[in-house]
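Have a look at the structure below, then the notes.
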Amino acid sequence: MKPKSRVVRKAKEAGFVIIFLAGIGVALGVLGVLLASLIVTAAPYLTPTLITNYANYQDPTRAGYAAAIAGTLWILSLTLIFSLPLGIGAAIYLEEYSHGGRISRILQAGVSNLAGVPSVVFGLLGLLVFVRGLHLGAVVLAGALTLTILVFPYVVITAREAIRAVPQSIRDAALAMGATKWQAIRRQVLPAAAPGLLTASILAAARTIGETAPLIVIGAVVLQTFLPYGPDSPFVALPVQIYAYIDLPGPEWQGVSAAGMIVLLLILFAFNAVAIVGRNRMQRMRW
Amino acid sequence: MLRSLVKRAAPKAVVPEPEVLQVPPPLTLVDVEDPAIESRNLSVWYARKHAIREVNLKIQRKGITAIIGPSGCGKSTYLRAINRMNDTIRNCRTTGQLLVESEDVYGPNVDPVLLRRKVGLIFQKPNPFPKTVYRNVAFGIQLHYRATKEELDRVVEAALRQANLWDEVKDRLDDSALGLSGGQQQRLCIARALAIHPEMLLMDEPCSALDPVATAKIEDLMFELKKVMTIVIVTHNMQQAARIADHTAFLYLGKLVEYNVTRELFERPTQELTENYITGRFG
Amino acid sequence: MGGANADGTGAPLASLEAKWVWQPGETLVRTLLFIAAAFAIIATFAIVFALLLDTVIFFGRVSPLDFYTGTKWSPVIDGLYGVLPLIAGTLLIAGGAVVIGIPLGLSAAIFLREYAPARVREILKPVLEVLAGIPSIVFGFFALLLVSPTLKAWFGADYFNATNAIIVIGIMVIPIVSSLSEDALTAVPTDLRDGAFALGATRFEAMGRVVIPAAFSGIMASFLLAFSRAVGETMVVLIAAGENVNLTFDVLGPMSTLAGDIARKATGDLPVGSDLYRSLFAVGFTLFVITLLINLTSDILRHRFREAYD
């Protein structure tokens, strides 16, 4: 048998490390270039009127996102109101009550299958069931219900992680003192999991804000010159409005859409910042 | 986005630091000439914890040397320092000298990869790879050598025979190693280590996860192996040390307390600490 | 009734007993939570129902054979409902995307797990998660603004072409592969890695010959999930890949996908009850089945290759 050259082995290692770096390198590079080009393109259009003007397809300097931002906030609020209790409740059941039998495996499969469904399909579901079937029309409520179903599995998965991270000793201690299962959960486990649940909720919110395709399919309008007046109001959402501007030819319209994306990213960034700060504060309060 | 935040939000337990007691200066009552392994003022730190404190020890060539002591006294750390396995742990610092065949393995030009070919390590919990029996044994060979199929077959069989495992697995070479019993898995790990012809074998509590029958088989194996190689075994089982080791060292809180021929150490311990440990007053 | 107290009197501890025996609250809570957990199943059935309803009616008017073997998707102009161009486009774009995204994602995971010092990892992981959180329209914009002109200059591609989507979707799936593969690598017990080191393996050898094979099922699951995500991606395709009614394999030209076309048709005129309207559901059903098959394959393969230490 011939011994392998140590030098060759070392060289192989070095070579592959460089390849491994490529993965990270590409991700970082793209992120950097993306943000830079976004900012450069959007720069001339980042004025306050961007937020206060309504949509305008003739004059790029007068184009804005007012209705779109309001629509997004409306839909976001309703979606969170529906999906968070539902998703966290499901997570509690799956983590605390189910015992790994046949039924719980089916439930879990249901969640993970739902998570894998493409977003347009939720749009079709919403179109058939909420817009046409329940005769809601293409309104805020329909959009919120559709996005609720879409974001539900995501809430379940992240909330489960948060609940699972709570040490078992906390549950045992509560039960040993005579608490019922629900009392133990409500008074000990959930408060302990609260920072993680908060983070999970904010992640769900971030996910919702960026969804475009389902809202397009449902029928978000793109020329709306008023703010949504309620759950029964027609609506446009920020990403949908951005898409409408992208379709228009010419660099000025690219600038308008880029500006909209900056607004969108800033909102997302704000949410994530709140997630970090909120989690830190809750942890400091507790321990 | 930022899913890692969810995991990091969980509450963490706080573990208090253990206290440090007084340990008498070490007493080495046996003189080892021409040691295979020698540590000079060897110290190992894990972050701020001083796990091994200036240990001076000479380990004889060929034969079995045992290191005993209560949990957490640093025996495994000392063992792992010999083949530089502690390098794989972050925040681990080593000072002093550790000579293997008179060469300091912590010196500037030493390649830990080649060192580990010369000095094998058997772990406390058997850790066969999730591969076939054959490929487990062949793994080390294929790392360091280019071999034909016939050569490989020969070395694998030789190693399994040397580990007293061949008869039990010769018809199961292509089955998963994880299907073997605990004792067989540990002997497989020994075969795997022997396949690359090490000069020394380090064993970190190799029998603590095994039943008495399996333990006996491994101790028999060690009696055979010690005729041709240097073996250092860490054990918390004093009867085992008394059974198989030629020399025994007693470590406490990272310091060497007493080192002697095994029989002398157990029958006439010189330090009070040693006597307390051996008679079971603590540990 | 009549529990004994410590001092020997026989006064019943009625309040204690009542709580212990009768807990409608507990059952109610458990039922409600169960319904919440079952919501996913309910929703899945709703989706299947919603899609099937119009699909079945549609197949009453357009034969499924024509639908699945026809090579021209031109419902508006020609009344032709051959869905093969969409299926081919979907698989081509998604396939190309994972060819880019999987190696890069796995490389990133290996680098993060084995070679990156802790502090570097603390910075890089959130960066990858930021990449994961960027909405797909932004990537669509990136495709149109930066990728498309480059492809046009280097390869003479059309403004709207499939490669725009392939490259950008490939980048979008990097965080998915990286994050899940890294989890899989981390789940491999350290004794296996230590065992390899003790035999004199380099980090690369330990990773490649022991850790990665041991994490195989999780890594593979990440690949399939990335593929599933690429198949379902809509906005990037809608914005940057153009539209093509014909079956084509020319990646430098426009190409339609199942998801992209649903969104595209939905923004146009959709008279309720028309064949065009119903065809959307048939396309959606096809897309749903494809992603379902991918996810089921992933589950089955995961189960088959489950590592013995799991």
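Things to note:
As written, the chain order gives the labels A, B and C, with residue 1 at the start of each chain.
Rule of thumb we're sticking to: contacts are C-beta pairs under 8 Å (C-beta built on N, C-alpha and C of every residue); 3 or more make two chains touch, one makes a residue touch a chain.
Bear in mind that the values here come from a model prediction, so they are computed numbers and not experimental data.
In summary, the chains found to touch both subunit A and subunit C are B. Of all chains, the one whose Cα centroid sits at the greatest distance from that of subunit C is B. Per-chain Cα centroids separate subunit A from subunit C by 14 Å. Separation between the centroids of subunit B and subunit C, computed from CA atoms only, is 46 Å.
With centres set at the average Cα position, the gap from subunit A to subunit B is 50 Å. Residue positions of subunit C touching 2 or more other chains: 130, 133, 202, 205.
Looking at subunit A, residues 9, 206-207, 268, 272 sit in touch with two or more other chains. Taken residue by residue, subunit B touches two or more other chains at 1-3, 113-114, 143-144, whereas all remaining positions touch fewer.
Partner subunit C is touched in their complex by these residues of subunit A: 9-10, 12-13, 16-17, 19-24, 26-28, 30-31, 33-34, 37-38, 41, 85-87, 89-90, 92-94, 97-98, 106-107, 109-114, 116-125, 127-129, 132, 149, 152-153, 156, 180-182, 206-207, 209-213, 216-217, 219, 239, 242-243, 246-247, 254, 257-258, 261, 264-265, 268, 272. The touching residues of subunit A, counted against subunit B in their complex, run 1-4, 6, 9, 158, 161-162, 165-167, 192-193, 195-196, 198-200, 203, 206-207, 268, 272, 275-276, 279, 282-283, 286-287.
For subunit C in complex with subunit A, the touching residues are 23, 25-26, 29-30, 32-34, 36-41, 43-44, 46-47, 50-51, 53-54, 103-112, 115, 124, 127-128, 130-131, 133-142, 144-146, 171, 174-175, 178, 202-205, 225, 228, 231-235, 238-239, 259, 262-263, 266-267, 272, 280-281, 284, 287-288, 291-292, 294-295, 299. By the touch criterion stated above, subunit C contacts subunit B in their complex at residues 118, 125-126, 129-130, 132-133, 179, 189, 191-202, 205, 209-210, 213-214, 307-309. Here subunit B touches subunit A in the complex through residues 1-3, 5-11, 13, 111, 113-114, 141, 143-147, 151, 155, going by the rule given at the top.
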